[in-house]
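Shared between the two complexes below is chain A, which pairs with chain B and chain C, respectively.
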Partner chain A sequence: MREGGASPPCFTMNSTVKQSEITTRYHLPGDFAIWVFIFAELLVFGVFFLSYAFYRASHVEMFNMYQDTLDRESGAINTLLLITSSYFVVRAVSAIKSGDARRCVNWLAAALAGGGGFLVIKSLEFADKFSHGISLGTNTFYMFYLSMTFFHFMHVILGMIILAAVLFKARAGGYSAEEYTGVETGASYWHMVDLVWIVLFPLVYVIR
Partner chain B sequence: MSQRTSSNRRLTWIWLLLMALTLLTYAVSKSPYSGAWVVMLLLVTVFIKGHWIIADFMELRHAGLLWRVLAHGWIILVSAGILIAYLMGL
Partner chain C sequence: MKYQSQSVAKLYFIAAIGLFIGQILFGVTIGLQYVWGDFLFPYIPFNVARMVHTNLLIVWLLFGFMGASYYLVPEESERELYAPWLAKLMFWIFLIAGALTILGYLLVPYAGLAQLTMNDLLPTMGREFLEQPTITKVGIVIVALAFLFNIGMTVLTGRKTVVTIVLLTGLAGLAVFFLFAFYNPVNVVMDKYFWWWVVHLWVEGVWELIMASILAFVLIKITGVDREVIEKWLYIIIAMTLITGIIGTGHHYFWIGTPGYWQWFGSIFSALEPIPFFMMTLFAFNMVNRRRREHPNKVATLWALGTAVMAFLGAGVWGFLHTLAPVNYYTHGTQITAAHGHMAFYGAYVMIVLTIISYAMPIMRGRTANGPKSQVMEMWSFWLMTVSMVFITLFLTGAGILQVYLQRYSDTPLGFMVVQDKIELFYWLREIAGLVFLVGLIVYVMSFFTKHDDEVTA
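The block that comes next holds the complex of A and B.
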């Protein structure tokens, strides 16, 4: 090898030091891949939201008229449910960081109950709209309302499947105070579902 | 351990404030008030809620700059876009 034979170990040592500095200063919760997935989802929802907002700009009267038919109580209660469920997941992460797997499981179960409540209320809302003969083809407002809230609905289901998987692994002793990446991964996805809804609720149900 | 307790207390406050802001949004939806200033107020609450969810619930407060810029950039762009579109429709 060249005279740099001694330099690689030196370089490795430097980079190791830097790596540990980075890990202590910065921490991305959960798995890296979930964040790529989360931002892809946020991008899609962002396009949905802005399409709604700008399409509405040239059809204000029609949007205001049909927005009046939406159930704002359901929308508000569902917002409270998702925020509370997100908070329970925060407590689940905190519990496992303290090494308390049992409490982590309990908080996750409570979070799942919140998600379940959301699905029930949203289903009743959909059923009411369908019983009035409203569908994607009724008009552009309902097209946006139904497609955006149904797309979000599917994300609530996926988020609950992920949380349930984390719950079962936590119950089987799969996480500890030292290794809890999976809990953070599920939590991050669930917060994304919440984040999207806190924009969707005022945009579709309230702003007029 | 006590650090975790104080962090939990902070997160509980954030949860309660998120609930309060949601009730405010609901109250606005039932009120006769509308217009640019009301929408601006609603979007400010969206930004504040988004900030807490991103920084504290998602814990991106401790993540690298790129992640924080992406997440906050998303909530700012979406809120600003909604406001511009609303003003265009007036």
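The block that comes next holds the complex of A and C.
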């Protein structure tokens, strides 16, 4: 910037070069179709989050009271698990970009393990709530809590199925340093699953 | 036509159009009965005529879906139909059973029909849209199973494409959910709860898969766009259909005695049901814009674009209008519902069947496309029917808004019949639009009988 400020023509040239670099480097990762799907999914969760926020605004006391019954520790551990798992798929993508399919497979397996850990902890949390007789009909807070976390739970499973499909194809040599769109597609979806949880956890478990 | 056995579709399409004419005749009859209560009384009372109107619609659309499947599956699977004789046999069984059922509605009082068909052995009669005698329902299951077997064997032993797999999923779902027509719990809440598993999961679930796959097939044929592109769209559309449509069933569970959380589930998921329809609109226009060939069948392209737009408006926009629980609290069961029902069924399902008929019928009659004279006539029928349906919908929406206000929202609510008198003008206007629709339908039928001296046989 400073350089550009000193001599305008140079700045212009530099910025053109950078622009073309940007367009080649920042292509849309993965298949275009998965992005349509991701935005549609985010829209569904977004409507859920907004409904939660609007309803909570007029029932703050009740929401705060029942929020205290949620297990924040397991929620926090699950957040770490998903973020770590997301990091692993990033490593899987960079591994396949350098042509190392074996390392890609290993990172994907690690990411799947992270997702599996999430499912186990979340199941224990659900089991605890159900054993206390809590259901969708208990009250509106639990309705939101159960339906949003369950809906997200199903997305973790779907994300894991997608990652597993990518893993098997990678192991069979289906991807290379030149052709790795499928890995990016799976990774993009997995990041969406992670992103939704990163909003969901503070919104439902923490913010008051 | 690439395969000889595709021609069984012709029978199904002709029957579909025949029953369509019947449906519209009964439609204009009940439209008139709205304002002239004892028209045709006591011979054809309103409740009977309405039942015939809706039942004929369902049956002719099923004929259309079956015809579409018999036409497109051999071509996609690159083989002859597994058992063409079975398709012909089932056609006659379905047609005769359907005709007998309609005659039963018209000639015997409904309670008498129930007795005559021994409904008390397995009571399934008396529910809206599922009024058919139990024996007819059993017949429908047999026809559906034979049809699924025939189509399934053709798909599974031939080339598998996304179009046929999606179609087969939709058809299998259609058959499976129809089975809930036999489940008739005594508890009236449970009864309604599962009734929607047939009605909603058909039209806002599996039928959308059938529609999307037929649309994809026609677009592949008329635009020449790469199959991979079209298949990708199809995947996203069906994913969104299922995500929003299945739990979207909840928008029927607001006030029938189900737990309160359905108000949230129904509102949230069904509010997103317009998305797959909007995607279908984008899909159709995108593919036509990116076309690689100029198909001589212009009118089939018009129907394909028309169905995408009208399905979005009728099912998507008019559905959204009254799908949120706080809105539906006032609009439930008013003319708003009737407005939505008319445009959604026409836009999504009538038009998709007319699309495939428009594409396939000329080919089955030995030409790539009809001549210009016939096509122009069909285009006239497209505009007459579509525009009049828009007006039917607008008039019913006007009637519905007034009805909601006068009967339910104002400070001094009026009784049902008083309100009906006050909105009579809208019913007259709707009836006029209905007659224009009938004219459009007559023009449509005439387009099949124009001279073909200038036909295209490329």
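In this section, the second predicted complex is superposed on the first by the 183 of 208 C-alpha atoms of A that agree within 3 Å, B and C clash if a C-alpha of one lies under 4 Å from a C-alpha of the other, contacts with A are read in each partner's own complex, and residues count from 1 in each chain.
Here is the rule we go by: a residue touches a chain if its C-beta (ideal position, glycine included) is under 8 Å from a C-beta of that chain, and two chains touch if they have at least 3 such contacts.
In this text, all values refer to a predicted model and were calculated from it rather than measured experimentally.
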Practice prompt. Check whether A:27 is in contact with chain B, with chain C, with both or with neither, and answer first, second, both or neither.
Written response: first
Worksheet item: Which partner does A:91 contact after superposing on A: first (chain B), second (chain C), both, neither?
Response: first
Discussion item. Once chain A of both complexes is superposed, is A:208 in touch with chain B (first), chain C (second), both, or neither?
Written reply: first
Worksheet item: Should A:44 be classified as contacting the first partner (chain B), the second (chain C), both, or neither?
Response: second
Practice prompt. Would you check which partner chain A:137 touches, where first means chain B only, second means chain C only, and both and neither mean what they say?
Written response: second
Item to complete: Mind working out whether A:36 is in touch with chain B, chain C, both or neither, as first, second, both or neither?
Response: second
Fill in: Comparing the two partners chain B and chain C, which touches a greater set of residues in chain A
B
Worksheet item: Overlap of the chain B and chain C footprints on chain A, residue-wise?
Response: 43
Fill in: Contact footprint of chain C on chain A as seen in their complex
31-33, 36-37, 40-41, 43-44, 47-48, 51, 136-137, 140, 143-144, 147
Worksheet item: What residues of chain C sit close enough to touch chain A in their complex?
Response: 232-233, 235-236, 239-240, 243-244, 259-261, 264-265, 267-269, 271-272, 275, 279
Practice prompt. Can you check the complex and tell me which residues of chain B touch chain A?
Written response: 1, 4, 7-8, 11-12, 14-15, 18-19, 22-23, 25-26, 28-30, 34, 39, 42-43, 45-46, 49-50, 53-54, 56-60, 62-64, 67, 70-71, 74-75, 77-79, 81-82, 85-86, 88-89
Discussion item. Per the contact definition, I'd like the list of chain A residues that touch chain B in the complex.
Written reply: 26-29, 35, 39, 42-43, 46, 49-50, 53-54, 56-58, 60, 72-73, 75-76, 79-80, 83-84, 86-87, 89-91, 93-94, 97-98, 184, 187-188, 191-192, 194-195, 198-199, 201-203, 205-208
